[in-house]
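Below you'll find a set of structures to go through.
In the two assemblies presented below, chain A is common to both, partnered first by chain B and then by chain C.
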Partner chain A sequence: MRAPAAGDQAAREILLSMENVSLSFGGVNAISDVSFDIRKGEICAIIGPNGAGKTSMLNVINGFYTPRQGRITFKGVARAKMRPYEAAERGIARTFQNVALFRGMSALDNIMAGRTLKMKRGLLWQMLRYGPAMAEEVEHRRVAEEIIDFLHIKDIRKVQVGRLPYGLQKRVELGRALAMEPELLLLDEPMAGMNLEEKEDMSRFVLDVNQHFGTTIALIEHDMGVVMDLSDRVVVLDHGVKIADGTPDEVKSDRNVIDAYLGVAH
Partner chain B sequence: MDLLYKIFLEPFVQMGTAPDLLVQTLWEGMVGGMLYALIALGFVLIFKASGVFNFAQGIMVVFAALTLIGLHAQGIPAFVALALTIAVMFALAWSVERIVLRPLVNQPDIILFMATFGITYFLIGFGELVFGGDPKTMITEELFLPKGSWDIKMLGGFVSLQKIDVAAAIIASIMVAVLSVFFSKTRIGRALRAVADSHKAALSVGISLEQIWVIVWFAAGLVALVTGIMWGARSNVSFALEIIALKALPVLILGGFTSIPGAIVGGLIIGVGEKLGEFYWGPLVGGGTDSWFAFVIALIFLMFRPQGLFGEKIIERV
Partner chain C sequence: MLYREAGQYKTSYQADQAVFPLLQDRVGLLVILFVAYVVIPLTGNDFLINAVMTPFLIFSLAAIGLNLLTGYTGLLSLGSGAFMGVGAYACYKLTTYFPDVNIIIWIVASGFVAALVGAIFGLPSLRIKGFYLAIATLAAQFFLEWSFTRVAWLYNHNVSGAIEVPQRTLFGVPITGPNATAETRYLIVLTIVVGMTWVASNIVHGRIGRMWMAVRDMDIAAELMGIRLLPTKLLAFAVSSFYCGVAGAMMVFLWYGGAESTVFSINQSFTILFMIIIGGLGSLLGAYLGAALIFVLPIVLRFVPPKLGIPVHAATVEHITFMIVGALIIFFLIVEPHGLARLWQIGKQKLRVWPFPY
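Moving on to the complex of A and B:
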């Protein structure tokens, strides 16, 4: 459990607000009437048993899925429908459960791809590598190198990511998301399939990102130890329904949560 | 013994005794190969960005050439017509994205492949409706493309270079250079490679698939236009040209489906191989080798390098 950050929970500004969101595929309800807020600067964990709708929830937030009903307000602007690249433009970055990297590209190029939206100079100037466009490229490269330093992946920056071990791929993917300088970072099982040491490294990075850059983080994670250590707040989903929402301590002792995880005696 | 002599020795003896003829054959092979390379380039651009084998590339060549000729026939000056044709190719790219690709996003590749058949037949029908089905002559003079040939004295004989072929080689090289710089140095290029690797990851970093698709289809359209002008200058422009798209297949197999240099080198190898095969070995089988020899070359390469000369080796971690 982290020491409470400066300012009371309730006093923090709401960054993202989900109100009565429902999502269904054909007749199957993936998410039913879920509401919760993510506040600026916090680390919010979304947990729940398999098939609870956690990944669907992230997909709704960054625009991969359009909810059947409900309202999503990000940075004070409500929207019915948002395309993924619009979400990216407005400051939402994410990683994926089964690492989605540009496998044919180097780690550095993957991270540079995260800067796509920040590049503004004309294509013609970029082709000519001329003046301002060149300066811009150099500046983006500098940011990318900073991220590489931050994640301690200097030695693999020129390696094609398809060749990297899984743990490092996850790190590169985090780097690519960070390169977008997001306000809200969505991490889908950042520690899945990692050993203890890798998990500790990744936890460290997540905390550092949160503290140094002030990035708000929403993460899905199965490792309860990690969740309880990292998060300020935990939202629990089960079968697409929200069953609890509170601090790690509150959630840990919640009857519904225990039932959902351990099963109820009928 | 006689047959073996004819296959393995006689052609080389011929090459040695008449080197000027060999040079001429090589040059013609290069020129033909360059056009194959241009068609293959159109395929590669679209395949790289969307993983779709665009069957319509051949008809796009015909359509672009016919649009140019058709507009000029309406009394529009050649270069204005050229600009308008470029605009038409952009409109085509935009429509394909909007009407065909966008509704089919996330469908299996085979569905998208079939959709390009649909585009092909639409363009054939629409083209015949607007421009008529008869063969037309490319407006080479109006576009200031040179005519005639240079006869160069060398190796105890003459080698004849068509000026239009030399011009085609120069224009094609410039276009390839511009395209490769565009796709390697600009943010669009990086985005293109990103889209090729993973759609959802590309979306998550803020790359718009729609924009990328319009850009690659437009680039493929421009390549088709240049191909159409060059090919049209050598023969007529007719719908029969559409089947040259099939000639791009061995080139792609050879060069790898995702490599721009591969398309160029593959095109040249196929072109030169085809001409050499036709000239020196063709008589052995009674000629007519040009319809199948390219595939034999591709097949031989395929046995040794299944991913093509420049194709990316697929690495799968287990």
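Moving on to the complex of A and C:
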């Protein structure tokens, strides 16, 4: 359990703030009127039963969906509509529930692809692959190697990711997101389908990312043990409505949360 | 045993990021270049150079162009024949307007015209994918082919409706037109193809190549990593059409010596598409292997039996060639759906551990 003092948390700067965000598909309200903040440097978990709107929430944050109404402020700048690549340029990275790696490329190339935004040399230099273009390539290879070191995937760096086992694919995907050096990292079920040992490894990586790089993390996870141990704060959604928001301890004893998960006696 | 990386230690990331990290590959490449530049021009007869090697290289270049688009970026196109035509007609117009500028410059410059046209017809690719995009590029194919026939300005109002290649020289040596020798034209084609293959290899191994492959493998994730889809796809269309355009210009100026619009018909597009499917999508080597199988193999089948003294009627040979090539294509697709380039890779992997199975 790593719960910082409440006063400390309130003092932290707000990185992302969602105000009255609603999203609907046709007549179905995926998210209705949800507000919460993510503060700099914290690990914030978004939990809820299936179909609660968690993944939709992440899709709204990184611009994949445009909310019907509401205000999203990231790093102090409010935006109405944002394309996914703009979110990436502003420092939001994410991983996917079903691994969305570039299957035909090696693990190293996947991580190098995460550096795309940081690489500036244009087509002419790329055509020559010499001088500045090569220097840039080598410089980013060095960063990629640091990430490979960090995630202990040295032995698979040249393996095509489509051939890797699931757990390693998830790890490469985390590496690819880290390569973007994001300020806000969104993890969509990073431990889904893993065994206990893999979950422990992944939890360790998430904590290390948070502590070493100071990355703010928002994660969706179904394993409550993991959620309660990792996160500083938990936001609970149910049927697109926020029903609780607080430290893991507060949320655990919240009446609404227990009802949502266990059902209500009528 | 012979082909393995043992003992070749990489001490810098630069060495490890090289296109050919293995010494054996680099030696092999030099041998191939030596054969292409020295052995073939010195020992080959006119037939080998003019009817086999030159067109093989031109088709390989067009296949590389389409492979950049379809194999690397995942955008299916049926317009490559038309984009080759754009290159050919652009080169013809340019060299008749400015006859004093060297033709090699115009051949390369005509690629830019093809790139522009390709980028325009690539615009729908943001919204449509897969087979539907193929149909959209089919519109480019038909529209451009129609232009080549109907817009008389394109062929300088020639009565025959065809473009005829005028004689152009380089340092006083004729390189196009009827007086150019097969060797000269071959060497020019070879140089352009080698140079452009080198550039293509540089592009696909760097940032832009990774962006293309990212779009191919998972466009949603690519966009969430900051890759803008439209510019990336348009760049792929432009570069691909550039390659096709140069190939088309070379085809008319350095091989045929003249052409009508039918040369750039839908059949040409299909031929090139087959080359990259059989050779291997997403592999530059595959473009060469595919061009070799589709273009060179029929020639070999047609001319080798008579040479061996097997008396077969010409028409029979023609039919048998069709059957054998067709059967081989099916055979290769069943044995290795990822193309000849993958077979080559598997072979290399086997060679690495030979004589042991693992």
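Everything that follows uses one rule, which is that the second predicted complex is superposed on the first by the 262 of 266 C-alpha atoms of A that agree within 3 Å, B and C clash if a C-alpha of one lies under 4 Å from a C-alpha of the other, contacts with A are read in each partner's own complex, and residues count from 1 in each chain.
The rule we apply is simple: contacts are C-beta pairs under 8 Å (C-beta built on N, C-alpha and C of every residue); 3 or more make two chains touch, one makes a residue touch a chain.
This is a predicted model, so every value here is computed, not measured.
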| item | value |
| --- | --- |
| Room on chain A for both chain B and chain C (clash or fit) | clash |
| Which of chain B and chain C A:R163 touches, first, second, both or neither | first |
| First (chain B), second (chain C), both or neither touched by A:R142 | second |
| Touched partner set for A:L219, first chain B, second chain C, both or neither | neither |
| Touching partner for A:A113 - first (chain B), second (chain C), both, neither | both |
| Chain B versus chain C as contact partner of A:Q126, first or second or both or neither | both |
| Which superposed partner A:M134 touches (first chain B, second chain C, both, neither) | second |
| First (chain B), second (chain C), both or neither touched by A:R94 | both |
| First, second, both or neither for A:V172, with chain B first and chain C second | neither |
| Chain B collision site on chain C, chosen from 7-15, 313-321 or 349-357, when both complexes are overlaid on chain A | 313-321 |
| Common interface residues of chain A - those touching chain B in one complex and chain C in the other | 62, 64, 83-85, 88-89, 93-94, 96, 100-105, 109, 112-114, 116-117, 119, 123, 126-127, 129, 176, 180 |
| Chain A-facing residues of chain B, complex | 178, 181-182, 185-188, 190-191, 193-194, 196-198, 200-208, 312, 315, 317 |
| Residues on chain C engaged by chain A in the complex (per definition of touch) | 12-14, 16-17, 19, 199, 202-203, 205-208, 210-211, 213-214, 216-218, 220-229, 235, 282 |
| Chain B-touching residues of chain A, taken from the complex the two chains share | 62, 64, 83-85, 88-89, 93-94, 96, 100-105, 109, 112-114, 116-117, 119, 123, 126-127, 129, 162-163, 166, 176-177, 179-180 |
| In the complex, chain A residues that touch chain C | 62, 64, 83-85, 87-89, 93-94, 96, 100-105, 109, 112-114, 116-117, 119, 121, 123, 126-129, 133-134, 136-138, 141-142, 145, 176, 180 |
